[in-house]
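Note that the chains take the letters A, B, C and D in the order they are written out, and that residue 1 is the start of every chain.
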(Lines give C-alpha, C1' and ligand atoms only; values in the text may rest on other atoms or scores of the structure.)
Protein backbone atom coordinates (compact mmCIF):
# COMPACT_ATOMS: atom_id res chain seq x y z
CA UNK A 1 0.00 0.00 0.00
CA UNK A 2 1.04 3.66 -0.39
CA UNK A 3 3.66 4.83 2.11
CA UNK A 4 5.59 8.03 2.69
CA UNK A 5 8.10 9.67 5.02
CA UNK A 6 8.43 13.15 6.45
CA UNK A 7 10.96 14.61 8.85
CA UNK A 8 9.80 16.22 12.10
CA UNK A 9 11.69 18.48 14.51
CA UNK A 10 9.72 18.99 17.73
CA UNK A 11 9.16 22.72 18.27
CA UNK A 12 10.01 24.32 21.59
CA UNK A 13 6.36 25.09 22.36
CA UNK A 14 5.41 21.48 21.58
CA UNK A 15 7.53 20.32 24.53
CA UNK A 16 6.24 20.33 28.07
CA UNK A 17 7.76 20.81 31.55
CA UNK A 18 9.07 17.21 31.42
CA UNK A 19 11.20 18.50 28.51
CA UNK A 20 9.58 16.13 26.02
CA UNK A 21 7.12 16.51 23.16
CA UNK A 22 3.60 16.58 24.62
CA UNK A 23 1.51 13.56 23.66
CA UNK A 24 -1.20 15.74 22.06
CA UNK A 25 1.16 16.88 19.30
CA UNK A 26 1.59 13.40 17.82
CA UNK A 27 -1.85 13.48 16.14
CA UNK A 28 -0.81 16.82 14.58
CA UNK A 29 2.31 15.18 13.13
CA UNK A 30 0.22 12.24 11.87
CA UNK A 31 -2.00 14.72 10.01
CA UNK A 32 1.09 16.26 8.41
CA UNK A 33 2.16 12.76 7.37
CA UNK A 34 -1.22 12.17 5.72
CA UNK A 35 -1.14 15.53 3.90
CA UNK A 36 2.29 14.84 2.42
CA UNK A 37 1.42 11.24 1.55
CA UNK A 38 -1.64 12.50 -0.33
CA UNK A 39 0.48 15.16 -2.05
CA UNK A 40 2.96 12.49 -3.18
CA UNK A 41 0.12 10.80 -5.08
CA UNK A 42 -0.63 14.09 -6.83
CA UNK A 43 -3.59 15.10 -4.67
CA UNK A 44 -3.88 18.27 -2.55
CA UNK A 45 -6.09 17.97 0.52
CA UNK A 46 -6.71 21.71 0.25
CA UNK A 47 -8.25 21.16 -3.20
CA UNK A 48 -10.47 18.44 -1.75
CA UNK A 49 -11.87 20.91 0.74
CA UNK A 50 -12.34 23.56 -1.94
CA UNK A 51 -14.53 20.97 -3.72
CA UNK A 52 -16.55 20.35 -0.54
CA UNK A 53 -14.99 17.01 0.43
CA UNK A 54 -13.69 16.62 4.00
CA UNK A 55 -11.84 13.82 5.76
CA UNK A 56 -12.70 13.65 9.47
CA UNK A 57 -10.79 11.57 12.01
CA UNK A 58 -13.23 9.14 13.62
CA UNK A 59 -10.67 7.00 15.45
CA UNK A 60 -7.18 7.64 16.80
CA UNK A 61 -4.88 5.20 18.63
CA UNK A 62 -1.34 6.03 19.74
CA UNK A 63 1.27 3.98 21.65
CA UNK A 64 4.06 6.10 23.13
CA UNK A 65 7.24 4.06 23.57
CA UNK A 66 10.05 6.58 24.05
CA UNK A 67 10.17 10.33 24.58
CA UNK A 68 10.95 12.79 21.80
CA UNK A 69 12.77 15.98 22.76
CA UNK A 70 13.00 19.55 21.44
CA UNK A 71 14.99 19.77 18.18
CA UNK A 72 15.32 15.97 17.79
CA UNK A 73 15.57 14.73 14.22
CA UNK A 74 12.59 12.43 13.80
CA UNK A 75 11.20 10.52 10.85
CA UNK A 76 7.49 9.79 10.52
CA UNK A 77 6.46 6.90 8.28
CA UNK A 78 2.83 7.02 7.13
CA UNK A 79 1.10 4.14 5.39
CA UNK A 80 -2.41 3.66 4.02
CA UNK A 81 -3.46 0.30 5.44
CA UNK A 82 -7.04 0.11 4.19
CA UNK A 83 -9.32 2.05 1.90
CA UNK A 84 -13.06 1.40 1.64
CA UNK A 85 -15.97 3.26 0.10
CA UNK A 86 -16.23 5.94 2.80
CA UNK A 87 -13.32 5.28 5.19
CA UNK A 88 -9.56 5.24 4.93
CA UNK A 89 -7.09 3.90 7.52
CA UNK A 90 -3.48 4.88 8.11
CA UNK A 91 -0.68 3.49 10.28
CA UNK A 92 2.24 5.54 11.59
CA UNK A 93 5.71 4.84 12.93
CA UNK A 94 7.73 7.67 14.48
CA UNK A 95 11.47 7.05 14.71
CA UNK A 96 14.66 8.74 15.89
CA UNK A 97 17.27 6.87 13.89
CA UNK A 98 16.64 3.24 14.82
CA UNK A 99 14.67 4.03 18.00
CA UNK A 100 10.90 3.58 17.72
CA UNK A 101 9.33 6.57 19.50
CA UNK A 102 5.66 5.84 18.85
CA UNK A 103 3.19 4.00 16.66
CA UNK A 104 -0.31 5.07 15.73
CA UNK A 105 -3.42 4.29 13.73
CA UNK A 106 -6.22 6.50 12.47
CA UNK A 107 -9.51 5.97 10.68
CA UNK A 108 -10.90 8.85 8.62
CA UNK A 109 -14.39 9.14 7.21
CA UNK A 110 -15.34 11.13 4.13
CA UNK A 111 -17.89 13.90 4.75
CA UNK A 112 -19.58 16.42 2.49
CA UNK A 113 -19.89 20.09 3.40
CA UNK A 114 -23.06 19.37 5.43
CA UNK A 115 -21.11 16.87 7.54
CA UNK A 116 -22.89 13.80 6.09
CA UNK A 117 -20.95 10.65 5.20
CA UNK A 118 -20.15 10.42 1.49
CA UNK A 119 -18.08 8.30 -0.88
CA UNK A 120 -14.31 8.83 -1.00
CA UNK A 121 -13.43 10.61 -4.27
CA UNK A 122 -12.56 8.22 -7.11
CA UNK A 123 -9.21 9.85 -7.74
CA UNK A 124 -8.16 9.20 -4.15
CA UNK A 125 -9.16 5.54 -4.42
CA UNK A 126 -7.47 5.07 -7.77
CA UNK A 127 -4.27 6.86 -6.70
CA UNK A 128 -3.99 4.43 -3.80
CA UNK A 129 -4.86 1.37 -5.86
CA UNK A 130 -2.24 2.21 -8.45
CA UNK A 131 0.59 2.35 -5.91
CA UNK B 1 -15.05 51.73 29.21
CA UNK B 2 -16.29 48.13 29.38
CA UNK B 3 -14.07 45.80 31.43
CA UNK B 4 -14.22 42.17 32.50
CA UNK B 5 -12.29 39.49 34.33
CA UNK B 6 -11.74 35.80 33.73
CA UNK B 7 -9.68 33.24 35.61
CA UNK B 8 -6.98 31.25 33.84
CA UNK B 9 -5.13 28.10 34.91
CA UNK B 10 -2.18 27.35 32.57
CA UNK B 11 -2.62 23.86 31.14
CA UNK B 12 0.24 21.38 31.26
CA UNK B 13 0.67 21.40 27.48
CA UNK B 14 0.76 25.20 27.48
CA UNK B 15 3.97 25.09 29.53
CA UNK B 16 7.37 24.58 27.95
CA UNK B 17 10.67 22.96 28.98
CA UNK B 18 11.47 26.06 31.10
CA UNK B 19 8.43 24.98 33.14
CA UNK B 20 6.53 28.19 32.35
CA UNK B 21 3.58 29.09 30.13
CA UNK B 22 4.87 29.55 26.57
CA UNK B 23 4.62 33.13 25.32
CA UNK B 24 2.43 32.11 22.35
CA UNK B 25 -0.45 31.10 24.64
CA UNK B 26 -1.01 34.61 26.01
CA UNK B 27 -2.78 35.77 22.79
CA UNK B 28 -5.08 32.74 23.17
CA UNK B 29 -5.97 33.84 26.70
CA UNK B 30 -6.54 37.41 25.48
CA UNK B 31 -9.02 36.05 22.93
CA UNK B 32 -10.85 34.21 25.72
CA UNK B 33 -10.96 37.47 27.66
CA UNK B 34 -12.53 39.24 24.67
CA UNK B 35 -15.12 36.47 24.14
CA UNK B 36 -16.27 36.62 27.75
CA UNK B 37 -16.26 40.44 27.83
CA UNK B 38 -18.50 40.43 24.75
CA UNK B 39 -20.74 37.81 26.34
CA UNK B 40 -21.09 39.96 29.47
CA UNK B 41 -22.61 42.70 27.28
CA UNK B 42 -25.14 40.19 25.95
CA UNK B 43 -23.38 39.47 22.65
CA UNK B 44 -22.13 36.07 21.45
CA UNK B 45 -19.16 36.20 19.10
CA UNK B 46 -20.36 32.91 17.65
CA UNK B 47 -23.63 34.58 16.60
CA UNK B 48 -21.62 37.36 14.94
CA UNK B 49 -19.86 34.80 12.79
CA UNK B 50 -23.11 33.03 11.97
CA UNK B 51 -24.27 36.41 10.60
CA UNK B 52 -21.10 36.76 8.50
CA UNK B 53 -19.29 39.31 10.70
CA UNK B 54 -15.70 38.52 11.72
CA UNK B 55 -13.25 40.30 14.00
CA UNK B 56 -9.65 39.81 12.85
CA UNK B 57 -6.61 40.72 14.96
CA UNK B 58 -4.52 43.24 13.01
CA UNK B 59 -2.13 44.20 15.82
CA UNK B 60 -0.86 42.44 18.92
CA UNK B 61 1.58 43.74 21.53
CA UNK B 62 2.56 41.82 24.68
CA UNK B 63 5.00 42.66 27.49
CA UNK B 64 6.01 39.64 29.57
CA UNK B 65 7.05 40.69 33.09
CA UNK B 66 6.99 37.52 35.18
CA UNK B 67 6.58 33.83 34.39
CA UNK B 68 3.30 31.96 34.83
CA UNK B 69 3.51 28.28 35.78
CA UNK B 70 1.36 25.18 35.30
CA UNK B 71 -1.78 25.24 37.47
CA UNK B 72 -1.20 28.82 38.70
CA UNK B 73 -4.37 30.76 39.56
CA UNK B 74 -4.29 33.75 37.24
CA UNK B 75 -6.74 36.57 36.61
CA UNK B 76 -6.99 38.25 33.22
CA UNK B 77 -8.49 41.74 33.10
CA UNK B 78 -9.74 42.79 29.66
CA UNK B 79 -10.78 46.32 28.81
CA UNK B 80 -12.11 47.95 25.64
CA UNK B 81 -9.95 51.05 25.28
CA UNK B 82 -11.23 52.39 21.98
CA UNK B 83 -14.02 51.65 19.53
CA UNK B 84 -14.22 53.24 16.08
CA UNK B 85 -16.26 52.56 12.97
CA UNK B 86 -14.33 49.48 11.84
CA UNK B 87 -11.75 48.85 14.62
CA UNK B 88 -11.85 48.00 18.29
CA UNK B 89 -8.94 48.08 20.73
CA UNK B 90 -8.49 46.12 23.94
CA UNK B 91 -5.95 46.26 26.78
CA UNK B 92 -5.09 43.27 29.01
CA UNK B 93 -3.51 42.79 32.43
CA UNK B 94 -2.64 39.27 33.57
CA UNK B 95 -2.13 38.88 37.32
CA UNK B 96 -1.29 36.21 39.91
CA UNK B 97 -2.68 37.80 43.06
CA UNK B 98 -0.91 41.17 43.19
CA UNK B 99 1.90 40.19 40.83
CA UNK B 100 1.62 41.59 37.30
CA UNK B 101 2.56 38.75 34.91
CA UNK B 102 2.00 40.50 31.59
CA UNK B 103 0.24 43.34 29.81
CA UNK B 104 -1.04 43.41 26.25
CA UNK B 105 -2.90 45.38 23.62
CA UNK B 106 -4.76 44.26 20.50
CA UNK B 107 -6.47 46.00 17.61
CA UNK B 108 -9.23 44.10 15.80
CA UNK B 109 -10.77 45.02 12.47
CA UNK B 110 -14.28 44.08 11.38
CA UNK B 111 -14.44 41.95 8.22
CA UNK B 112 -17.30 40.51 6.18
CA UNK B 113 -17.34 36.92 4.94
CA UNK B 114 -15.28 37.92 1.87
CA UNK B 115 -12.57 39.32 4.13
CA UNK B 116 -13.27 42.96 3.26
CA UNK B 117 -13.32 45.66 5.96
CA UNK B 118 -16.83 46.54 7.12
CA UNK B 119 -18.54 48.56 9.84
CA UNK B 120 -18.65 47.16 13.37
CA UNK B 121 -22.22 46.02 14.12
CA UNK B 122 -24.36 48.71 15.76
CA UNK B 123 -25.27 46.49 18.69
CA UNK B 124 -21.57 46.03 19.52
CA UNK B 125 -20.97 49.77 19.44
CA UNK B 126 -24.06 50.56 21.49
CA UNK B 127 -23.36 47.83 24.07
CA UNK B 128 -19.95 49.38 24.66
CA UNK B 129 -21.21 52.97 24.73
CA UNK B 130 -23.85 52.12 27.31
CA UNK B 131 -21.36 50.69 29.82
CA UNK C 1 -14.04 3.77 40.81
CA UNK C 2 -13.28 7.47 41.17
CA UNK C 3 -15.07 9.72 38.67
CA UNK C 4 -15.30 13.43 38.02
CA UNK C 5 -16.76 16.01 35.65
CA UNK C 6 -15.46 19.22 34.18
CA UNK C 7 -17.03 21.65 31.73
CA UNK C 8 -15.27 22.51 28.47
CA UNK C 9 -15.90 25.34 26.01
CA UNK C 10 -13.93 24.83 22.78
CA UNK C 11 -11.72 27.87 22.21
CA UNK C 12 -11.72 29.64 18.86
CA UNK C 13 -8.15 28.61 18.08
CA UNK C 14 -8.97 24.99 18.93
CA UNK C 15 -11.41 24.90 15.99
CA UNK C 16 -10.26 24.27 12.44
CA UNK C 17 -11.40 25.33 8.96
CA UNK C 18 -14.22 22.74 9.14
CA UNK C 19 -15.52 24.92 12.00
CA UNK C 20 -15.18 22.11 14.56
CA UNK C 21 -12.80 21.35 17.42
CA UNK C 22 -9.65 19.75 15.95
CA UNK C 23 -9.18 16.12 16.97
CA UNK C 24 -5.77 16.84 18.56
CA UNK C 25 -7.33 18.97 21.29
CA UNK C 26 -9.32 16.10 22.82
CA UNK C 27 -6.22 14.62 24.54
CA UNK C 28 -5.59 18.08 26.03
CA UNK C 29 -9.11 18.09 27.48
CA UNK C 30 -8.62 14.54 28.80
CA UNK C 31 -5.48 15.75 30.62
CA UNK C 32 -7.51 18.56 32.19
CA UNK C 33 -10.07 15.98 33.29
CA UNK C 34 -7.34 13.91 34.96
CA UNK C 35 -5.86 16.95 36.71
CA UNK C 36 -9.22 17.95 38.19
CA UNK C 37 -10.11 14.36 39.11
CA UNK C 38 -6.81 14.11 40.99
CA UNK C 39 -7.44 17.47 42.67
CA UNK C 40 -10.87 16.27 43.83
CA UNK C 41 -9.14 13.47 45.76
CA UNK C 42 -6.95 16.09 47.48
CA UNK C 43 -3.86 15.59 45.28
CA UNK C 44 -2.15 18.21 43.14
CA UNK C 45 -0.34 16.87 40.08
CA UNK C 46 1.94 19.92 40.27
CA UNK C 47 3.08 18.78 43.74
CA UNK C 48 3.80 15.31 42.35
CA UNK C 49 6.16 16.82 39.82
CA UNK C 50 7.81 18.99 42.44
CA UNK C 51 8.57 15.73 44.28
CA UNK C 52 10.05 14.18 41.11
CA UNK C 53 7.11 11.93 40.20
CA UNK C 54 5.78 12.12 36.64
CA UNK C 55 2.83 10.47 34.92
CA UNK C 56 3.50 9.86 31.22
CA UNK C 57 0.83 8.86 28.71
CA UNK C 58 1.86 5.55 27.12
CA UNK C 59 -1.41 4.82 25.32
CA UNK C 60 -4.21 6.96 23.95
CA UNK C 61 -7.37 5.83 22.16
CA UNK C 62 -10.13 8.21 21.02
CA UNK C 63 -13.39 7.56 19.13
CA UNK C 64 -14.90 10.70 17.61
CA UNK C 65 -18.67 10.36 17.19
CA UNK C 66 -19.99 13.88 16.65
CA UNK C 67 -18.36 17.26 16.07
CA UNK C 68 -17.90 19.84 18.81
CA UNK C 69 -18.05 23.50 17.80
CA UNK C 70 -16.60 26.78 19.06
CA UNK C 71 -18.26 27.95 22.31
CA UNK C 72 -20.30 24.75 22.75
CA UNK C 73 -21.08 23.82 26.36
CA UNK C 74 -19.50 20.40 26.80
CA UNK C 75 -19.15 18.10 29.80
CA UNK C 76 -16.19 15.75 30.16
CA UNK C 77 -16.61 12.74 32.44
CA UNK C 78 -13.34 11.19 33.60
CA UNK C 79 -13.14 7.86 35.39
CA UNK C 80 -10.23 5.84 36.78
CA UNK C 81 -10.87 2.35 35.42
CA UNK C 82 -7.76 0.55 36.68
CA UNK C 83 -4.83 1.24 38.96
CA UNK C 84 -1.82 -1.04 39.23
CA UNK C 85 1.63 -0.71 40.74
CA UNK C 86 3.09 1.51 38.00
CA UNK C 87 0.19 2.23 35.63
CA UNK C 88 -3.16 3.93 35.86
CA UNK C 89 -5.98 3.83 33.30
CA UNK C 90 -8.73 6.36 32.67
CA UNK C 91 -11.87 6.38 30.52
CA UNK C 92 -13.51 9.55 29.16
CA UNK C 93 -16.92 10.51 27.82
CA UNK C 94 -17.40 13.93 26.22
CA UNK C 95 -21.00 15.10 25.98
CA UNK C 96 -23.05 18.06 24.76
CA UNK C 97 -26.22 17.66 26.79
CA UNK C 98 -27.35 14.11 25.91
CA UNK C 99 -25.25 13.84 22.74
CA UNK C 100 -22.12 11.72 23.02
CA UNK C 101 -19.35 13.61 21.21
CA UNK C 102 -16.43 11.27 21.88
CA UNK C 103 -15.08 8.53 24.11
CA UNK C 104 -11.47 7.87 25.04
CA UNK C 105 -9.08 5.77 27.07
CA UNK C 106 -5.56 6.46 28.30
CA UNK C 107 -2.88 4.49 30.11
CA UNK C 108 -0.32 6.44 32.14
CA UNK C 109 2.92 5.10 33.55
CA UNK C 110 4.70 6.49 36.60
CA UNK C 111 8.23 7.77 35.93
CA UNK C 112 10.91 9.26 38.15
CA UNK C 113 12.90 12.35 37.18
CA UNK C 114 15.35 10.21 35.16
CA UNK C 115 12.46 8.85 33.10
CA UNK C 116 12.61 5.34 34.60
CA UNK C 117 9.45 3.46 35.56
CA UNK C 118 8.64 3.69 39.26
CA UNK C 119 5.83 2.80 41.65
CA UNK C 120 2.74 5.02 41.75
CA UNK C 121 2.80 7.05 44.98
CA UNK C 122 0.95 5.37 47.86
CA UNK C 123 -1.27 8.39 48.46
CA UNK C 124 -2.51 8.23 44.88
CA UNK C 125 -3.32 4.52 45.21
CA UNK C 126 -5.02 4.95 48.56
CA UNK C 127 -7.03 8.00 47.45
CA UNK C 128 -8.43 5.92 44.61
CA UNK C 129 -9.04 2.82 46.72
CA UNK C 130 -10.98 4.82 49.27
CA UNK C 131 -13.45 6.25 46.75
CA UNK D 1 23.12 42.21 10.96
CA UNK D 2 22.56 38.46 10.83
CA UNK D 3 19.53 37.37 8.80
CA UNK D 4 17.97 34.08 7.79
CA UNK D 5 15.01 32.56 5.97
CA UNK D 6 12.82 29.56 6.63
CA UNK D 7 9.80 28.22 4.76
CA UNK D 8 6.49 27.73 6.56
CA UNK D 9 3.40 25.78 5.53
CA UNK D 10 0.46 26.52 7.86
CA UNK D 11 -0.78 23.25 9.35
CA UNK D 12 -4.46 22.36 9.25
CA UNK D 13 -4.83 22.63 13.02
CA UNK D 14 -3.14 26.06 12.97
CA UNK D 15 -6.05 27.41 10.92
CA UNK D 16 -9.29 28.55 12.50
CA UNK D 17 -12.97 28.62 11.47
CA UNK D 18 -12.25 31.72 9.32
CA UNK D 19 -10.05 29.33 7.31
CA UNK D 20 -6.88 31.29 8.04
CA UNK D 21 -3.84 30.75 10.25
CA UNK D 22 -4.75 31.82 13.80
CA UNK D 23 -2.87 34.89 15.01
CA UNK D 24 -1.39 33.01 18.00
CA UNK D 25 0.68 30.76 15.74
CA UNK D 26 2.80 33.59 14.33
CA UNK D 27 4.92 33.84 17.53
CA UNK D 28 5.55 30.08 17.21
CA UNK D 29 6.83 30.58 13.65
CA UNK D 30 8.99 33.50 14.81
CA UNK D 31 10.58 31.19 17.41
CA UNK D 32 11.32 28.67 14.65
CA UNK D 33 12.94 31.49 12.67
CA UNK D 34 15.17 32.38 15.65
CA UNK D 35 16.16 28.73 16.21
CA UNK D 36 17.24 28.27 12.59
CA UNK D 37 19.00 31.65 12.47
CA UNK D 38 20.99 30.66 15.54
CA UNK D 39 21.75 27.25 14.01
CA UNK D 40 23.06 28.96 10.85
CA UNK D 41 25.68 30.71 13.00
CA UNK D 42 26.75 27.34 14.37
CA UNK D 43 24.87 27.55 17.68
CA UNK D 44 22.20 25.15 18.92
CA UNK D 45 19.64 26.68 21.27
CA UNK D 46 19.16 23.23 22.76
CA UNK D 47 22.82 23.21 23.79
CA UNK D 48 22.36 26.62 25.41
CA UNK D 49 19.61 25.21 27.58
CA UNK D 50 21.66 22.14 28.45
CA UNK D 51 24.28 24.61 29.78
CA UNK D 52 21.63 26.42 31.86
CA UNK D 53 21.21 29.47 29.62
CA UNK D 54 17.67 30.44 28.60
CA UNK D 55 16.31 33.12 26.28
CA UNK D 56 12.90 34.38 27.43
CA UNK D 57 10.62 36.56 25.31
CA UNK D 58 9.94 39.78 27.21
CA UNK D 59 8.27 41.70 24.39
CA UNK D 60 6.32 40.69 21.30
CA UNK D 61 4.75 42.93 18.65
CA UNK D 62 2.98 41.65 15.54
CA UNK D 63 1.20 43.49 12.70
CA UNK D 64 -1.10 41.25 10.66
CA UNK D 65 -1.54 42.60 7.12
CA UNK D 66 -2.97 39.73 5.08
CA UNK D 67 -4.31 36.29 5.93
CA UNK D 68 -2.28 33.11 5.53
CA UNK D 69 -4.17 29.94 4.63
CA UNK D 70 -3.70 26.19 5.15
CA UNK D 71 -0.92 24.76 3.00
CA UNK D 72 0.24 28.18 1.71
CA UNK D 73 3.94 28.42 0.84
CA UNK D 74 5.27 31.14 3.11
CA UNK D 75 8.75 32.52 3.73
CA UNK D 76 9.76 33.93 7.09
CA UNK D 77 12.71 36.33 7.17
CA UNK D 78 14.32 36.73 10.60
CA UNK D 79 16.89 39.39 11.39
CA UNK D 80 18.81 40.25 14.55
CA UNK D 81 18.33 44.01 14.85
CA UNK D 82 20.11 44.66 18.15
CA UNK D 83 22.24 42.74 20.63
CA UNK D 84 23.16 44.09 24.03
CA UNK D 85 24.66 42.59 27.19
CA UNK D 86 21.51 40.77 28.32
CA UNK D 87 18.94 41.38 25.57
CA UNK D 88 18.64 40.54 21.90
CA UNK D 89 16.09 41.91 19.44
CA UNK D 90 14.76 40.35 16.25
CA UNK D 91 12.57 41.60 13.41
CA UNK D 92 10.42 39.33 11.22
CA UNK D 93 8.78 39.59 7.81
CA UNK D 94 6.37 36.85 6.70
CA UNK D 95 5.73 36.69 2.96
CA UNK D 96 3.74 34.68 0.39
CA UNK D 97 5.70 35.38 -2.78
CA UNK D 98 5.70 39.20 -2.95
CA UNK D 99 2.75 39.67 -0.57
CA UNK D 100 3.66 40.83 2.93
CA UNK D 101 1.53 38.78 5.35
CA UNK D 102 2.84 40.12 8.67
CA UNK D 103 5.72 41.85 10.38
CA UNK D 104 6.90 41.36 13.95
CA UNK D 105 9.47 42.29 16.57
CA UNK D 106 10.61 40.48 19.70
CA UNK D 107 12.94 41.25 22.58
CA UNK D 108 14.50 38.32 24.42
CA UNK D 109 16.32 38.46 27.75
CA UNK D 110 18.98 36.01 28.87
CA UNK D 111 18.13 34.10 32.06
CA UNK D 112 20.00 31.52 34.12
CA UNK D 113 18.36 28.34 35.38
CA UNK D 114 17.02 30.22 38.45
CA UNK D 115 15.27 32.68 36.14
CA UNK D 116 17.59 35.60 36.99
CA UNK D 117 18.87 37.93 34.27
CA UNK D 118 22.38 37.06 33.09
CA UNK D 119 24.83 38.04 30.35
CA UNK D 120 24.26 36.68 26.85
CA UNK D 121 26.88 34.00 26.12
CA UNK D 122 30.04 35.38 24.46
CA UNK D 123 29.79 32.96 21.57
CA UNK D 124 26.31 34.24 20.72
CA UNK D 125 27.53 37.85 20.76
CA UNK D 126 30.62 37.09 18.70
CA UNK D 127 28.72 34.98 16.15
CA UNK D 128 26.43 37.93 15.54
CA UNK D 129 29.22 40.52 15.44
CA UNK D 130 31.14 38.51 12.89
CA UNK D 131 28.27 38.38 10.38
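The definition used in the following text is that a contact is a pair of C-beta atoms (placed from the backbone, for glycine too) under 8 Å apart; a residue touches a chain by one contact, two chains touch by 3 or more.
It should be emphasised that the depicted structure is a prediction, and the values quoted were computed from it without experimental measurement.
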item	value
Both-way neighbours, i.e. chains that touch chain D and touch chain C	A, B
Between A-B and B-D, the pair with more C-beta contacts	B-D
Whole-Å gap between the CA centroids of chain B and chain C	27
Distance from chain D to chain B - Cα centre to Cα centre, in angstrom	23
Where chain A and chain B are represented by their mean Cα positions, the distance between them in whole Å	33
Shared interface positions of chain B, touching two or more other chains	12-13, 17, 24, 28, 31, 70
Of chain D, residues touching chain B in the complex	17-18, 23-25, 27-28, 31, 49, 54, 56-65, 67, 115
Interfacial residue positions of chain B with respect to chain C in the complex	11-13, 28, 31-32, 35, 44-46, 69-71
Residues of chain A touching chain B in the complex	12-13, 15-17, 19, 22, 24, 70
